[in-house]
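What follows is a pair of complexes built around chain A, which joins chain B in one and chain C in the other.
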Partner chain A sequence: MLEVDKVGIHLGGRWLLRDMSLTLEAGEVVGISGDSGVGKSTLARMLAGHLAPDEGEVRYGGRPAARRGPHPAQLVLQHPERAVNPRWRIRRILAEAGAPEPSLLEALQIAPSWLDRWPLELSGGELQRVCIARALGPATRVLIADEMTAMLDALTQAGIWRAALGVAQERGLGVLAISHDEALLERICTRRLRWEELRGDATTVMMP
Partner chain B sequence: MAIGAKRVPAQEASRRGASSEEAALGAAAPLLEIEGLRVSFLQYGRGLQRRTVQALAGVDLSVGAGELVALVGSSGSGKSLLAHAVMGLLPDNARSSGSIRYAGEPLDGERLLRLRGKELALVPQGVTYLDPLLRAGEQALGRQRGPQARSRLRAVFSRFGLPERAERLYPHQLSGGMARKVLVSAAALGGARLVVADEPTPGMEAGKAAEALQALRELADGGCGVLLLTHDIEAALRVADRVAVLYAGEAVELAAASDFAGAGERLRHPYTRALWQALPANGFRPLPGVQPAPEEAAASCAFAARCGQAAPECRAAKPAMRVWRGGQVRCFKPD
Partner chain C sequence: MMERPEMKAATQRKAVPAASLPSGRLRLLVGAALLVAALLGLGLWASLSGGGEGLRTNLAERSLPPSWGHPLGTDWLGRDMLVRTVQGLWLSLQVGLLASLAGTAIAAAAGLSAALLGRTADRIVSWLMDLFLSLPHLVTLILIAFVCGGGLRGVLIGVALTHWPSLARLIRAEAMQLRSADYVAVSRSLGKSRVWIMTRHLLPHLLPQLLTGCLLLFPHAILHEAAITFIGLGLPPDQPAIGVILSESMRYLNAGLWWLAVFPGVALLLLVGAFDRLGHAASALLDPGRSQQ
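Coming up: the complex of A and B.
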């Protein structure tokens, strides 16, 4: 599903990350924890195609992402209000990933009445559901959640993760969850990796 | 939810010398007493539209000397406004009512100005409050100078686990956790008796966040009253003696930290219990619906729309905060 093969990214003569490898199978929920500032978010952005690796390769279903069309890995970040255009209504925000399936909106508990609202008129948790729906277009194979619920209260967090994992399971998506919250990762993941374990050869991190 | 570790066991609360009952009701002569605090502000919308937004709609709590009380509320619930209300630092477009007393006397005007920055200290949210041009040691000392002040600084830094070299570092060279400790050190060196700490930035790595919180615990153990405002209930429970829970701008429960245990049997408010059971380490159980804006729930229980025990009376009137099983709760039918 997702193979990260010894990738590296440098910026201004310095390697932000290097020699990172990771494999994610369909249906897996892999959690990555580690110190802040080590490059977890850089990796997340690279896997979602926002940054190109300077060395190594990322393969989705055996080949690199196509240059055109929606990217197979979609990223959801901590601050939904920064991830949407505040001047667009929710309907238009969702349409960025093609017209959403009604069943997807239902699974994520997105009420039809939200579609005509502005982002400012939704709570942080509601807007995050919209961002997740946008990330779960029909072409998506991998969902990357970078501190996706760090700003939300525990009740909202539990609701959002249950909904997102439900869709991922049904469609056989891979999920990569990056979080500083050990208890959360322990709860949602089928496999956990420490940041240090990503360094080195891909085969050594493929733990059972 | 910054902290992955387990919650505070009951014996830890008693280590601090308080039974669950005393702990939940608070000290007899509190340092800080907040009663019926309401804060609203004018918000400017598109064009010339203006509306009044109620942010806090009734907060009651107290903090005693040597005690750490956590006010837990979700992001955007007005916790920072509470800190600013206590410190008299509300923005010009904000209005507040209710009573805030410090050491038995109203905290306002002249007296507030005299105490602020000395007996009363604010540990703000972000590192951005540090002066970028001052070394950490100078920040913490404020206007104090001389060899005596220096040795006090050294003692305080080491008490909060800051290395000696930290004194000479500039803010941009400090990690988030160290910066928090510098701010706490500044409060201690300034002779603070009451410290209001706004939550450390979410996303601070678990270990660092825990260390910074430990510095606040140390402050309380040294006799200071500490009010910690946070969205992270697990983090709060690691250091707090008591917890006040905020919902839709109202304090709905005041509990001892040790009441948060098991399935939440000792908790009093249905919301507090739901929150506890939603933690990843507990049931991870969601609850449909969202917190209403305080003005939407002005004449009813703010939790009525999501409460499994709601009765008609809950939608017809607003419950008042009342003493219940050694704590306080805002509910018509508390458990």
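Coming up: the complex of A and C.
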């Protein structure tokens, strides 16, 4: 489903990431944890196509993402209020990924009355559900959750994850969850990886 | 001793911030409405009285100083200067409006493409902006109007082409800030094209800046139209814009016909000043950083 082959990305002559490899099968929920600032969010943005890798390759179902059309991997960010245009109503925000199916909205517990509101009129948790619904368009194969529920209380967190994982399981999507919250990852993931494990052969990259 | 009432006023204002804002807004709205009404009245009057009694040559009444019959006097052909001034202002207003709208459109297109169409586009547009900013407006304007062969078209093209760079810079900076927003990245990953993102996500956020920019361009456009017409490269003499009136009056100034130049000049100044104030007030109102002042 998702194959990450020794990717690297650099900025101003400094490598932010290098030699990162990872595979993700359909229906899998993989959790990645690691220290702050190691590049987890950069990796997430790259996998979702927001950034292009400077070396290596990311393949979705065996080939690179098409240059046009919706990206097969969709990212849900930590701050939903920044991920929506504040001047758009919820209906329009959702429609950006194509008209959402009623069953999807129902699964994510998005009330029809929200659709005519502005983003400011929803709480963080409610807005994050909207962002997840937008990320789960028909073309999506992989859902990448970068600290998707870090700003929410435990109860809301559980509700959102249950809904998102329900949809992912039903459609056979791969889910990549990035978080500091070990307990959360333990609970939701089918497989867990530490950041160090992504660095393919880190131990052998000794300079001669 | 002088500071006390001021400090008192300051603390009072702090206590009721909500009350001071609407009154400023209301003042601006009333001012803008009055200005628009006055301009509409001006235009109506100009088009109703166009070619009427006032503009007819009347050699029996030529070169009369201001009087009750002719509040602004008459010119060397006996034409009423009040009617001529109003006609001229109306024409200048139309030219200024067209030119500033065209300039704003160019600025929006240039600023957005510099910010969004990649590094090469940015380099080209920035170079063009620097080029136009490095020359005095009037010099470029004279060149362009000369190349276009004068007339209304030359003035419009000239004013529009010389007045876009400063606004385009602002739009470029704002658009660069907006394009790094998370929702723009999401929109791109949802497969939306650059043009789609530009028109749907960015342009609505830039409308206040564009509106303010257009309003502030307007006085410049009118003044430059008048200037270029004054030196003879603008509107032809049969279209009596303010510039034509002022330029013709120069020949009669040494004959003591001061009213030919003074009243049209003052009228032009008032019009320009009114739009300038409106533009600054609108920018104070629409700019969130300044709207509380």
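As a working rule, the second predicted complex is superposed on the first by the 200 of 208 C-alpha atoms of A that agree within 3 Å, B and C clash if a C-alpha of one lies under 4 Å from a C-alpha of the other, contacts with A are read in each partner's own complex, and residues count from 1 in each chain.
As a working rule, a contact is a pair of C-beta atoms (placed from the backbone, for glycine too) under 8 Å apart; a residue touches a chain by one contact, two chains touch by 3 or more.
Keep in mind the model is a prediction, meaning the values are calculated, not measured.
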Go through the superposed model and pick first if A:Arg141 touches only chain B, second if only chain C, both, or neither. neither
So, A:Arg129: does it touch chain B (first), chain C (second), both, or neither?
neither
The chain contacting more residues of chain A, comparing chain B with chain C, is B
Q: Based on the superposed arrangement, let me know which partner A:Ala48 touches: chain B (first), chain C (second), both, or neither?
A: second
Exercise for the section: Considering only touches as defined above, state whether A:Lys40 meets chain B (first), chain C (second), both or neither. Expected result: neither
Next item on the list: Examine A:Ala150 and indicate which partner it touches, taking first as chain B and second as chain C; both and neither are also allowed.
Entry: first
Dual-contact residues of chain A (chain B, chain C) none
Residue set of chain A touching chain C in the complex reads 45, 48-50, 68-71, 74-75, 77, 79, 82-85, 87, 96-97, 134, 137, 139
In the complex, the residues of chain C that touch chain A are 181-183, 185-192, 201, 204-205
The residues of chain A that touch chain B in their complex are 35-36, 78, 109, 123-126, 147, 150-162, 180-184, 186-188
In the complex, chain B touches chain A at residues 1-2, 4-5, 74-76, 176, 202-206, 208, 231, 233-234, 274-275, 278-281, 284-288, 290-291
